[in-house]
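Below, chain A partners chain B and then partners chain C, in two separate complexes.
Right, the complex of A and B next:
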């Protein structure tokens, strides 16, 4: 065993989904599943990537896991491929259950699919795509970390991420409407308003843990005088952990429900809350799996939406936020859609002082929560947080320059950064853009 | 509403209500709804502090409630709403509440003729359906996909039948869900049960099911097909012979299968929302013939013309000879009839409506914030602040247009002769 393989073995974390999952595997089953995925579900792209990589290691410098783990090659992007896909290809799918367990752990808990490394590779090799292929294989083999698999089950049973029952969803909207009416007596969260311009869509955790975000969104919609609605049926959740467990069929089912809800409501667009991965799912992966090249109903991310409202003067800032802030760029919306200048516009319009972290914009370091890694739950928490010392260092530098608040316009980033801030004792506050806008806007 | 139920085909134009006046009567007036015959217009209104009611043609319901939502007219013209009174929820029909009380109600469904009204309901964290004020006897720890038979005589839903801890992934994968018909769950459990359909006689129920994380099929009356697929969509019963068809994914492509075996030879990148013609002889579906393109296929053969963004709202003419759908290309919405799209795009267009003889097609449409009705591709000269789905007269010579006109808020019901348009 090489030194790094030994290290990898020593960091084995027990997880019921992985441990029990591999117990059922046989070499024949593994070989059959792998070869069927490779033959039927991957194409030229995988082959080109596998054949083109010259093992130069340039991508290593891109990866926060590598940089944060004393440059341990097993955490480098190419190292992750080496421990997974290359072995699989070399052995034509004939690998052991123990190998699959390790491959599942690498692909699901040691890579955020953040795509930073693809920018550093001279050939643009997309390691995230390769890790998704591994996850797909692991899904088909039934070897998936327990927590994220639970989430995938919730998606399948309820069409949302958090086991929110149909009535609980409606009840939380009515409750937020009641709360908001204490502040703005005429405010409505219009349910099932057919023909509205906007369907406001959120992710599963919002009604469950962050209901104030729905309240704030309602205040913003109200102040901007928009014709909007929220559905009272499943299909309201834009999030998608099935995309990250490799359950593509469920990913498609979720996006179908989401877009068909928009079609049923006859809205002109979906405005979605501050979330990175959901954007990837509805703007790229989920829609395309269903054969919608672009979202069939246009999707506006919260950053674009706030940008539009501020630029067009639809909402006005009464007083700018006066604590110095820094801004985290969520991978899925900067590398996925280049929204980094818009988010800066929003911050500059609403905050007195933005202190940048470096590198930033499309070169940002991921929060290490993304790609479903945080959803793999407590067993992998330390690895995730320790695997992102570089983010902690970035935040620390911003803090020494005066930043008190970190703005992260993505739910997962919030979770990830919260853990980092706590673990490294950074003592910074975390906010969504919506929190800042709500706090600083003129309310009608 | 059946167009033959509309009695008043002779009145040219009639003002029904002036919503502007309502605004003086109430703190606020929510978005209005119109009865299928156009004779009634109603809205949820705020009547006082934490107090809501319903105003219909200018007359408020006698009762007021803590909350009123999901105001909808049934196909037979009764006005329904979900209401809460002192923290208890129920259904109000034309101002009269059901006797049953619930901790919550939602998801109102109507039978085709409106005689059946179903809701999903919850009491003490137990879930069930209630039809015409009769709750199911059995309750479940979760329920979704409430479905009412077209005749309103039966209701069904996906239900949770086995308790499991959310983090117990292996228990979940053993199958903890089933379908319940009139409250009685099928014997067999599944990993998931999704959308379902009734046979025309409401005796049989077919549902999309997942047998494990990978194998999907259709279960009819609780018995899954032998054949398994990598995915399926909602099944339908043939009105002709009671067979069940569903879109199924085979080897990366989609086709239509009947009782488990492929019915269509063609494969599509996507295929869903299949519909039978009224006589059951033809089947049409929304399909994607190649990646990123959308159209309609009839008995497996796709129209030549296709759309880039989406196709939805597929409808057969009453005689089954024609098909219309809504399509969108480059952000512009239109209607396509028998594969021929109307020219001129709209910002939004609603489900097309056929005349009884199938010769004419009309749809509500929106452009630049104004609404109109488009008939055979030609928008009416009149524009509206709001308009509702048009209805053709039984002889196909007239069309009923209901809308709020011009700059005011007067709601009119208007019968136009198609020959005069």
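Right, the complex of A and C next:
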């Protein structure tokens, strides 16, 4: 066994979804599934990426996993392709169940699909895409980490990520409306308002764990005097773990429900909360699966939305946030939509002092939670957090320059950064842009 | 020796050009056809402006962040590729051959410059070899075929240098020079050397995705 094979063995983590999943596999089944995915669902991109890679390793330093694990080559972007796709192509799909287990672990828990490496490979080889192909194969083979698969099941059963029932959803909104009316008696969270300008959508965990974000959004909408609504039916959740488990059919169903709900309400656009992966699903991947080149209805991410409100003077800042802040750039809306200057505008309008982390903007390091990795749950937590020492170092430098608060305008990033801050004892506060705006704005 | 010379300098030249050109056209057209069938996104999102914007950043030395992080690699890579492409086209002995066979001619390099460029290619190949053997993340990705390809690329230059300087057995080296050049040319479409053919497409596509859809830079 080579040294890195030994290392890979020693970092083997037990997970029911993977362990039980591979027990059911036979070599014939593996071969059949792989070859059907390769023949029917992939084409020139995959072939050209496999043939063009010159094995130069220049993508390595793009990856936080590689940098954080003492430059272990098996964590380098092309190293992940070597352990998965190259072997599969070389063996024409005839690989062992143990191989599939490892491939599933590499693709689902050691890559955040953050696409940083595509900016470091001279050929622009899209490793994230290749990892998604591996996930697709693993999905079809029924080998997926248990936690994220459970979330995907929730999407299938309820069209939301958190098993939120229809009445619970409506209850949560009414509860937040009630709470907010204590502060602002005229405030409403308009449900099912046909013809509203804005359809506000959130991710499943908001009503479940972070309901105050809905409260804050309502206060912002109210202060800006906007004509907005939220649906009372499924289709309200813009999140999408199925996109990350390789369950493309479900990804399509979710986005279809989301778009159709917005269309049923005849709104002008969808404004979504501070989430990165949901944006990717709506703007990049889900729409494509449904054959929409661009989303069928305009989509505005929270950062763009806040930027618009501040620039047009729709909301006013009473007093700027006075603790020094640093800003995390979420991959899915920075490399995914170039919103980094807008987020800086929002921060500069609302905060006294922004301390930058380096590298930043398109070159940011991922939080290591994205791409569904945090959703693979506790078994993979340590690997994820230890796999992002570089982010901890970045945060630490910002802290030594005085930053007390980290702003992360993405739900997944929040989860990931929270773990990093805790694990490395950084003792920094974590906030959404919405938290800051809510705290500093004129509410009436 | 003489018949061998006639063979490599006659029919095999034709054959290698045929394989190179035919093979390249074949590879590119099959990929385009396959992409039309299976990766419609590639055509939907390909955008001339953003593709070019990205390509320009990646063909200019130090045009990308990553190149700045690896200055030695960047200098060597650019010097290597420039010499690799220019030498066969502009070395005096080759220009003469074109003149003799087709009566066409163009500008050529002085012998000392050509010599220096040849040494640059050979030196670069040694650099790549050492990198493959010593840098762990490169070593990890390396398979035997990578060494074969490296040898394939270095061979025409080593033998050319040898023959030109009339070192021992230079006649044989001359033949090997022609032969190895032919093999390299013919190998381009069918090995990882095809990165030369696909660079514009892969980079252009990523540039388009980043630029036109994702509103971001990719360098």
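General remarks:
As a convention for this text, the second predicted complex is superposed on the first by the 444 of 444 C-alpha atoms of A that agree within 3 Å, B and C clash if a C-alpha of one lies under 4 Å from a C-alpha of the other, contacts with A are read in each partner's own complex, and residues count from 1 in each chain.
The rule is simple: contacts are C-beta pairs under 8 Å (C-beta built on N, C-alpha and C of every residue); 3 or more make two chains touch, one makes a residue touch a chain.
Owing to the predicted nature of the structure, the values given are computational and were not obtained by experimental measurement.
Superposition of the two structures on chain A leaves chain B and chain C fitting side by side, clash-free.
Looking at the shared chain after the overlay, A:372 reaches neither chain B nor chain C.
By the touch criterion defined above, A:207 reaches neither chain B nor chain C.
After overlaying the two complexes on the shared chain, residue contacts for A:60 are found with chain C alone; chain B is out of touch. Legend: residue contacts after superposition of the two complexes on their common chain; A:97 is shown touching neither chain B nor chain C.
Note on the composite model: angle chain B-chain A-chain C, taken at the C-alpha centres, equals 120°, rounded to the nearest 10. By the touch criterion defined above, A:415 reaches neither chain B nor chain C. In the superposed model, A:293 lies in contact with both chain B and chain C. Least inter-chain distance for chain B and chain C in the combined superposition, rounded to the nearest angstrom, is 8, based on C-alpha atoms. Under the contact criterion defined above, the residues of chain A that touch both chain B in one complex and chain C in the other are 41, 293. Residues of chain C that touch chain A in their complex: 31-32, 34-35, 37-39, 41-42, 44-45, 54, 58, 64-66, 69-70, 73, 135-143, 146, 192, 194-195, 198-199, 201-203, 205-207, 210, 213-219.
Those residues of chain A that touch chain C in the complex are listed here as 4, 41-45, 47-49, 51-58, 60-62, 66, 71, 73-74, 76, 78-79, 82, 118-120, 122-126, 284, 288, 293, 334-339, 359, 362-363.
Chain A contributes residues 16-17, 20, 40-41, 139-140, 142, 146-147, 149-150, 153-154, 156-159, 163, 165-167, 170-171, 174, 186, 188, 190-193, 195, 232-234, 247, 249, 252-253, 256, 259-260, 263, 266, 268, 290-294, 296-298 to its touches with chain B in the complex. The touching residues of chain B, when paired with chain A in their complex, are 27-28, 30-31, 67, 69-70, 103-104, 106-107, 120, 122, 127, 142-144, 160, 166-167, 169-170, 172-173, 177, 191-192, 194, 210, 213-214, 216, 230-231, 249, 251-252, 269-270, 272, 288, 291-292, 294, 308-310, 312, 328, 331, 347-348, 350, 366.
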